[in-house]
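Chain lettering (A, B, C and D) follows the sequence in which the chains are written, and residue indices restart at 1 in each chain.
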């Protein structure tokens, strides 16, 4: 989008500068500055209530920040609403599964594609749009291993598959940046392992940049290139898995934050 | 000055009546997430049962005490025999179910009482008008103002000072809290629905001497009550109070100062408020 | 797929031959049912497919009826001109109303549509010079299909006009709900927040479908005025909007054809019972309550589920 | 069978076993059917029920001789007070039941909608309830007849009475729909012509449940009387509330129509109100005394306005069909035009020019009488038909 900047060295795909959000007196996110490079897999961790989901809402545009900026591919997108950011290439999943329950699995993904590629106001006909988006949707389902359940209603899928479906929807949009909010939440150890494998595969095949919020430290240390740690809305540490493991402040935050 | 006092009292008396009806409507929405179309019919039922009680006993006061529990029990029975089965469906089903119940109840009252309106005399103590510094004002309307305030304070005390009230408020503010109540959810719903109907029944008894008991009074009042709770914010008792005052004032002052707008003034006020606050004055975004 | 095509074909054939089977009053009644059905079907577009419950849909039926009545009475244009006028006026008014109303969701959306509908009702009620006030406009003529063309005065001819409009509308609405746009609507109905995060603002979609629904409701109203020969404020009253919601639920929400059947059932119950007792409303209420509790898909939804099973 | 009071002439099922054979042959001709698409449910149901009560009594009275020796069949249909339903029901009565005479329509919006269809259907629409002036003016056609006193005629009777009363200043309160506005309009014209003053006018919406603001205005206007054109339920509520405000003592209520229905619901608070009555059951003619007795025997109550007016209409219609010697619609219309009829409260005459029945007008007062369980109308003045009937096809008076 902004090739001019590339000459000055690697532009982060996503950058936040002093990002903050207050709910009344509560400062949910405060002064968070992050830079995520293309193709990076970044995990954001922190105790409950650290502001991780709020940070996701700020990056995806579902919430407007009360301070700071969000830059995507070097452009300031702070003023853009969620739909516009999505169209620029930021797709996401939700902590609490968010799908279209009474539509088929295929239609869930197909809609995600259709909304991305446009021509949504075609009131009659539109066969070409439907077919093109269906093709991409099937590819995405295959990638996530859901292709054999394409015709079932999304609400009838088991929880684990619903989590995967959400990733399939986001991935089908072929975003540059994928935000995954606790993708393994509520999953059995086996499903968790499978999901981790799938995420890795998606990232590789689709050449995605991923930011991941996750509670399960095994998953985080297994997947992430770099880890950012939030505590009471502030960024207290950032680094590789080994660096974070060794960080005293992080340990303190976790020990103090959890019971 | 006297004119202003009269206008103020008129608005307050109507607001008192509207509050008795809308408080229950709002409470039911808060706890059950149901827009209860039949609520107005319980108000109407209160008025007719009030008429019967007065006719049988020759006294007005017993009606105020006896009728609300009867209406409340009937409401609770209806909730547990119909609504209970469809809470999992989209809200429109519950709304339309109560619409059907309203048809059945309204027509049943017609079968029982016939089409002619039933006049109810206020108790002797509240008959006639008294002189308030140059304003001749009906004692009964002053009673409505007092009743509205009393019930308002009582409901507020109940919700803010008792354990049951706190639970109800918590559930009203956060529907997911309902799950925390566990097995008691069904009972809480039935009790709240019954209590709301009892409040509507009380409103009906109180309205009868002012408007008579007549067919159509339920439908007539439910639309007003909807506007009240939507203005105030669904599920908020404070909102119902504010909404009642706003609608009471809009209707009485509108009729006085802008008579040609009487048909729409209430909707105009609601529309204006919703355009700027789509979730009502005290409501929260869904 | 084949049985549904077959039944559609059977329904078409039935519609084509009934004028020679039914008695005159039955044909009039059927015409009435079809007009109500078109109204309910248009409501299903927003209610069943987009999840927007409008409590003011009758206003657009009424606008269509008034526009059509005035065109026929004062300009004596052919009926299709009146139909066009009715549909367009309804659609045009729906643009600003929809723009404001779609700011809110859920019950607040319903109340906003109600507020606007009551406002329109009041205009119809108070603008006596134009609309005849509470008495309405009577004596609306059935002009020909086009000048020099076939007369629509006979009940058979008008029936065919109505049936053609309803069938055509049904096909158009079906095409709309199956188009990329219609698919998007259903996603909005299912999960508006997810829809937003997938890259589109739902509001323009809601506005467009609101206007489309109003256009079809206006068409129904525009057919009503010459058919019944009058337009009056009752057809804009919120009670009629509420009945429309009942028709949709009875017939089967989100099925298009269901609401048409629901409207027929609703009016038939009233028509038959009210000849025997003025307390017919009790029975309508009971039937409705039973359908809501025991047949959540309405007539068509339940039939489809049974069909899928057996 | 409740709706179909199938009345058979002497050889009918009830009286039938011993009836001579020759009377049974009368059946072969089939009944004369009268369709009543009336509001029997909804907020105006009491008026439809009045019309039905009158028809029930008439059916009993005419059972013995029938019309043209044929039985009379009434078919009642409930319109719910909705004009669309009224037209549908009327069409069903005409097309399915073969009805040639429609009556009992309650609301003027229903009447205008149904009436407009009658030339197409070629059936007679006899109004016994509808007050809208337009029905015999702008919307007039050959198939419409109005037996009842119209709205402008009622306003005329009241105005004639008030012209001679000591009251000078009036406030006019009419419901915000056609009847209320038309009545207030004609009242204003006539009271101004009588050199008196209308000091204020307001139009509360139908279904107003709190009249406090209007009451305050009326009191401030210092009027001597308040002219009320409010439909039944609204009038009841207004009178109750005005009484509670102590207004009825200061400002005399003058009702466009003074109905028993209101007197029953309002009770003693209504005593002293004056107004016009289309048919006061207390009118002292032999024919009426007999009617009231028969009515009371059948229904256990005293007849209200539309009980009386509908009964008169049916009796007159039967008389006209008898005169025409056929139930052929065109011949019946011809026979009805310029015909006379001795009504319950005096002589009736059907004008050919607009099919408005010329009949006496009444000013009445609501009084208490220990003989009755509720207040009753006492006749203050009776005006001959010529004085209270408007000029042909207009709503104006000479």
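Throughout what follows, a residue touches a chain if its C-beta (ideal position, glycine included) is under 8 Å from a C-beta of that chain, and two chains touch if they have at least 3 such contacts.
The model shown is predicted, which means the values in this text are computed figures rather than measured ones.
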item	value
Chain B and chain A - chains in contact with each	C
Distance-maximising chain from chain C - centres being C-alpha averages	A
Innermost chain by mean C-alpha position	C
Averaged-CA centre spacing for the pair chain D and chain C, given as whole angstrom	36
Geometric centre distance via CA averages, chain D-chain A, whole Å	74
Distance from the mean Cα position of chain C to that of chain B, given in whole angstrom	32
Per-residue multi-chain contacts in chain C, two or more chains	125-126, 279, 281
For chain A, residues contacting two or more additional chains	none
Multi-chain contact residues (two or more partners), chain B	107, 110, 260, 263
Chain-to-chain touches, reported pairwise for every pair that qualifies	A-C, B-C, B-D, C-D
Chain C-touching residues of chain B, taken from the complex the two chains share	29, 35, 82, 85-86, 89-93, 95-97, 99-104, 106-108, 110-111, 219, 223, 226-227, 230, 234, 260, 263-264, 267-268, 270-271, 274-275, 278-280, 283, 286
Complex interface listing, chain C residues touching chain B	47, 51, 53, 100, 103-108, 111-112, 114-116, 118-119, 122, 125-126, 238-239, 242, 245-246, 249, 253, 279, 281-282, 284-286, 288-289, 292-293, 296
Complex interface listing, chain B residues touching chain D	3, 6-7, 10, 13-14, 107, 110, 115-119, 121-122, 127-129, 136-138, 140-141, 207, 209-212, 214-217, 220-221, 251-253, 255-256, 259-260, 262-263
Residues on chain A engaged by chain C in the complex (per definition of touch)	60, 62, 81-83, 86-87, 91-92, 94, 98-103, 107, 110-112, 114-116, 119-126, 129-130, 133, 169, 173
Complex contacts: residues of chain C adjacent to chain A	172, 175-176, 179-184, 186-187, 190-191, 193-201, 204-205, 208, 212
